[in-house]
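Comments concern the structure below.
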Amino acid sequence: MTKPLNVGLIGYGFMGRTHSNAYRKAPHFFDLPYEPVLKTVCGLEEDQAKAFAQKWGYESYTTNWKEVVEDDKIDIVDICVPNNVHAEIAIACAKAGKAICCEKPLALNVAQAQEMVDAVEAAGVPNLVSFNYRRVPAVTLAKQLIDEGRLGRIFHYRANFLQDWTISTDVPQGGDATWRLDVKAAGSGVTGDLLAHCIDTAMWHNGQIDAVCGMTETFVKERMHAETGKVESVGIDDACTFFCRFGNGSLGNFESTRYARGHKALYTFEINGEHASIAWDLHDLHRLSYFDHRDDSIVRGWRSVHVTDGDMPYMDKWWVPGLQIGYEHTFVHQVADFLEAMDKGETAGPTFRDALATQKVCEAVLTSAKTSQWQNITY
Amino acid sequence: MTKPLNVGLIGYGFMGRTHSNAYRKAPHFFDLPYEPVLKTVCGLEEDQAKAFAQKWGYESYTTNWKEVVEDDKIDIVDICVPNNVHAEIAIACAKAGKAICCEKPLALNVAQAQEMVDAVEAAGVPNLVSFNYRRVPAVTLAKQLIDEGRLGRIFHYRANFLQDWTISTDVPQGGDATWRLDVKAAGSGVTGDLLAHCIDTAMWHNGQIDAVCGMTETFVKERMHAETGKVESVGIDDACTFFCRFGNGSLGNFESTRYARGHKALYTFEINGEHASIAWDLHDLHRLSYFDHRDDSIVRGWRSVHVTDGDMPYMDKWWVPGLQIGYEHTFVHQVADFLEAMDKGETAGPTFRDALATQKVCEAVLTSAKTSQWQNITY
Amino acid sequence: MTKPLNVGLIGYGFMGRTHSNAYRKAPHFFDLPYEPVLKTVCGLEEDQAKAFAQKWGYESYTTNWKEVVEDDKIDIVDICVPNNVHAEIAIACAKAGKAICCEKPLALNVAQAQEMVDAVEAAGVPNLVSFNYRRVPAVTLAKQLIDEGRLGRIFHYRANFLQDWTISTDVPQGGDATWRLDVKAAGSGVTGDLLAHCIDTAMWHNGQIDAVCGMTETFVKERMHAETGKVESVGIDDACTFFCRFGNGSLGNFESTRYARGHKALYTFEINGEHASIAWDLHDLHRLSYFDHRDDSIVRGWRSVHVTDGDMPYMDKWWVPGLQIGYEHTFVHQVADFLEAMDKGETAGPTFRDALATQKVCEAVLTSAKTSQWQNITY
Amino acid sequence: MTKPLNVGLIGYGFMGRTHSNAYRKAPHFFDLPYEPVLKTVCGLEEDQAKAFAQKWGYESYTTNWKEVVEDDKIDIVDICVPNNVHAEIAIACAKAGKAICCEKPLALNVAQAQEMVDAVEAAGVPNLVSFNYRRVPAVTLAKQLIDEGRLGRIFHYRANFLQDWTISTDVPQGGDATWRLDVKAAGSGVTGDLLAHCIDTAMWHNGQIDAVCGMTETFVKERMHAETGKVESVGIDDACTFFCRFGNGSLGNFESTRYARGHKALYTFEINGEHASIAWDLHDLHRLSYFDHRDDSIVRGWRSVHVTDGDMPYMDKWWVPGLQIGYEHTFVHQVADFLEAMDKGETAGPTFRDALATQKVCEAVLTSAKTSQWQNITY
């Protein structure tokens, strides 16, 4: 029997929408052990919180997140606020015994992230960080192909996350829409926002990163702050490149920027193994490129796999071959996996601990960029 | 103020799911004049109807479609059953004053379609046929570009709809999953199922088709019937090709088959104009290819437009640039447009009358194939 | 030992260049039984013939093609003049016992082509028509894959040849550069110029075409004639579409136009078989697309084969994997194959007889377009 | 009037072929001030040198390169031997007053390269290093677009050169075919062989590289030596990644490997500017990808420019729009440019001095990889 699962959402911004949609949709497509009930939404502005609650069918709203955490009826808290408030809320949730879904990156830095891990592990609450791209079916399929050993020994892992939305010097920092440019709210620039995704997927696919060497740049040094109205120094990294060594002996090359004209959200990865290679691109997220050297040589080539058939990860839940799903479905898959694992007393990654590892890599990259030195990482 | 709109769904198969999902999602993303209420679902098997109602939150279920039509509380009937029962249900709905959304193709033949048009027009009820691909944002964008005159005089319209799911002789005809291969249920094969989509879009984009010349083939002549268990002659067209002349002087070339190995649902079109050309492909539905001869010659080339920005049709309702939507969203757009138009007393195409025109082209193509003669079409 | 082979070239235009280049290059890359010697070139304008001879190292030049045919030292005559003079020259060559390489299409019509075939077969001279695209390595590879049975039963053959260079009404007809628009010089428009290539390849790949049904259009009805300076009615077909039935039961769909904005010389074909499909595109002639349904389903997709490795047709003669060849190399392959076959007393296709078959299809298509009737073809 | 230019070729391997072909073809397509005469070829094995001379029409052959250098009739020496003998031969040529075309990379190291530069500059002889990819028309076009200012301020330059031919441990090192794996003959692995190309193009496009930080790896530590037959330690870098800062403030990211399964010779670059971006790929060398943010937003996208029209660099010399050229043509362009510049007393880059700059970057990258430290570069 399906049990109700009361959801408290904190943050009604872009991510609040994607998560709300996921809770609503998941039960129609997956056979879930729990039925999510949209109980309450919390946000800073009362009128916006109210409007959001109406739009999405939350039973109530509040502007005080502590009410959500202290509400006995709430089973799971979903944290969709800027990075600088993740830690406080999540730790309170853990103490209150709530299951937690937290947006990425987990924290502003490793120290915070460690506290959060300690809190959820001490409390023994189900916890998940929303590195949603793991659950693009093609990305999940890549994991499956690697685990099946199709690639053989892996030599290279390459990932990029390229955007172009901050090139204009008119884009402000801070505020609702552009808090990602304000180092106080975001902790870092592309490293925490974009590379964190690449790193999470990479370590899931290819194992632990042992050492990194990075470079960062801030192309636009000053921007108006949306809250103060004043031109202030920009503290985030506009671009970050790093290379690394994985524990399995393979080499990594990662790059992210918001100054790559022509790319909106071009998250790509490529993995080169002894026998086969894989490549993927968020701009065509329903395809996976695959090359297998074992094919007959005269018909050997990169295959473009249209990941829409029922034997592909998650795709038996959706439509028929040839008909693609999109960005939002990754969150539906996340909800489904989280709830199914929770019901079994298991863990659906990425957990807070997994996200701590990603945080360590991010921090090491930023330190390397500052010190011009390689950084070793211990987990 | 949002008014409730009570929905009665007839048919709980693949299309029943896509339409139910659309009614559920539309209010969360669009500001609609009506709030769809999933009132009742009707289907042949009681246990399946019940399960469907539970899954999707319909308040009730029935196995008798007449109950839906006669139910005073129902405002709109959504017809998602095989083609051979569209007419009877739709005509009853019209007489009962219901708004109607009917799956495509409208009918088994032109005579039936004409009766249906007469019925809805006599009753003055809102009516729409679910040629959903018009509402892929890239396809809508193509319409916009043509209407803006960017292409200039149009010379060619080319469309294909290629699949490969019936190549095996083991696929049966008839029954729940394969009624599309049974001429009694489907009326025709690829012509009504697939080319009807291409024709609907083409006439929307490029105006009326005046004359057609076609060829059909049935590659597998006999298949077991899923209901009788007997091997029976196959009455549908497995493949259909036709060329035509549009009213605007341009030439058309259309082809559909279920024997194109490697293509799952490859609906493509290309339009060549004096100044510019457009191409699109359902397998990457979030992109539109555009070529503009007026570009500087040294940087002139086909552009791949990633149709995800907020200034693209419908895309302000969804996510952010770079993040794609998929197949299901076309139905959400359809619900939104239908309800908005209904509220204004207007019509959101394609209406039954539009679908009658498509039916005329389909029938003319089949006649041409049988008689080996060009067929003129009058509307 | 390599024997000298004296070449007489008639026509110093675009094709004269490509053929001269091929004779010059072939011996450096292939081990040929003959060493082509550029003996004489013939063309209408003496100064141009002289300049061409100097540029390409022809020993002499003339403005009278009969001198070439009557010259005892000439072993092979290469005919690169407009279509309307192919027949007279080729028949004279045959009578003079010359080997003949003739540009395509073979003749203005079937009657002429038949005379030419009769002449070369009566004389027993080696003869070849320059349908060069057969010898793109990827196109030759397609033939190999079909002959190996990899595709299984073939259902569909589809080919297009799309250009956009005559859209402007300012392009004249007739004269040196635009004789292809003058029906008197060219015989037909896109049918003989472009579709002839598609038909030659198609029948080589997929066997005989039994019946055709076509449509043509002339979008620009009048153009200035470059020789007379007067505006004259345009007699060629600007666009031609036809479908057909092959002897093996498969369906064909062919289209050509010079009004497809954005396509310079987009010759494409796609072949759909029971087990596998193949696609190719002249704009990326060094690639072959291949889909094999027998691949594991989770990694099944269209493969893009980069046809540059040494085990691909002709490619052992060129560079190393990854490094592409281009358009001109098809003519080098043609020279090599023609000379090797000649040395063995064998025939390298397409012969005049093969080209006669193509001419029959072209003529049937044009007749069908005029009469609006299917045309059966006998060979 | 065209003057004869006597060519002496040293090295009859892969590069000897490409250069010989270029000297032969250039005069047929370009109007050159000199007519190259293939005078003599030199190589280690007499029978092979003789066979090569016959194949390509060299008037004589020798096994002693000093004979070539000392031959008064030779005007230009073309050096196509392994890297470890470039310096000695080139310096001797300079002293003998010969024009020099030398294969890349210029030398084994910076010290050698400096001596070579000193020698040619002291002698005042025309000198060119065969970084042939500059002369792919699409790559030259990229340079033109940058120089026209179309990109605006440049933020990123990214280049890869990926191959997969040494993954098998059975590939030997040393010897004729695999000297590139022997550090004594090659100087380095992918850095000098592949990245040198990327660096040459990058500094031509985007200016000087000021500082680099790199990482290298040798995946297969021991390989049999083809000459000794013994298993020996591998001294080359199998893979090399580096990032860098350009003098113009932009960031660079470069990677090369011979362990990227699925890539034969995938040299790619991408340049992101304020207004526009450019991308290119050697596997489809006849295309340039271009994105211009100034396009109307609804039709904005990456353009695939088919670089085959007559207004593209070099393309007026070849065929007609749509018909591609290939790898070998870059060498023809190089010969044409070198001879035209020589005639005017000018320099066609890349000169030995340009190649010295590339050598400095390569050496700095290797040093950085060894020391795990950034390296500044002075020119």
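Things worth noting here:
Order as written gives the chain letters A, B, C and D; numbering starts at 1 within each chain.
Assume a residue touches a chain if its C-beta (ideal position, glycine included) is under 8 Å from a C-beta of that chain, and two chains touch if they have at least 3 such contacts.
This one's a predicted model, so the numbers in the text were calculated from it and none came from an experiment.
Looking at B-D and A-D side by side, the one with more C-beta contacts is A-D.
Greatest centre-to-centre distance from chain A is found for C, with centres as Cα means. Taking the mean of the C-alpha atoms as each chain's centre, chain B and chain D sit 55 Å apart.
Chain A and chain B, compared by their mean Cα positions, are separated by 36 Å. Centres computed as Cα averages put chain A at a distance of 42 Å from chain D.
Of all residues in chain D, those that touch two or more other chains are 263, 287, 302, 306, 309.
Those residues of chain D lying in contact with chain B across their complex are 141, 144-145, 150, 287-288, 290, 292, 295, 297-306, 309, 311-312.
If you check the complex, the residues on chain D that touch chain A are 151, 155-156, 158, 162, 164, 167, 213, 215, 217, 219, 239, 241, 243, 245, 249, 251, 253, 255, 257, 259-263, 270, 272-277, 291, 293, 302, 372-374.
Contacts from chain D toward chain C in the complex involve residues 14, 18, 20-21, 24-25, 27-28, 55-56, 163, 165, 263-266, 282-287, 306, 308-309, 318-329.
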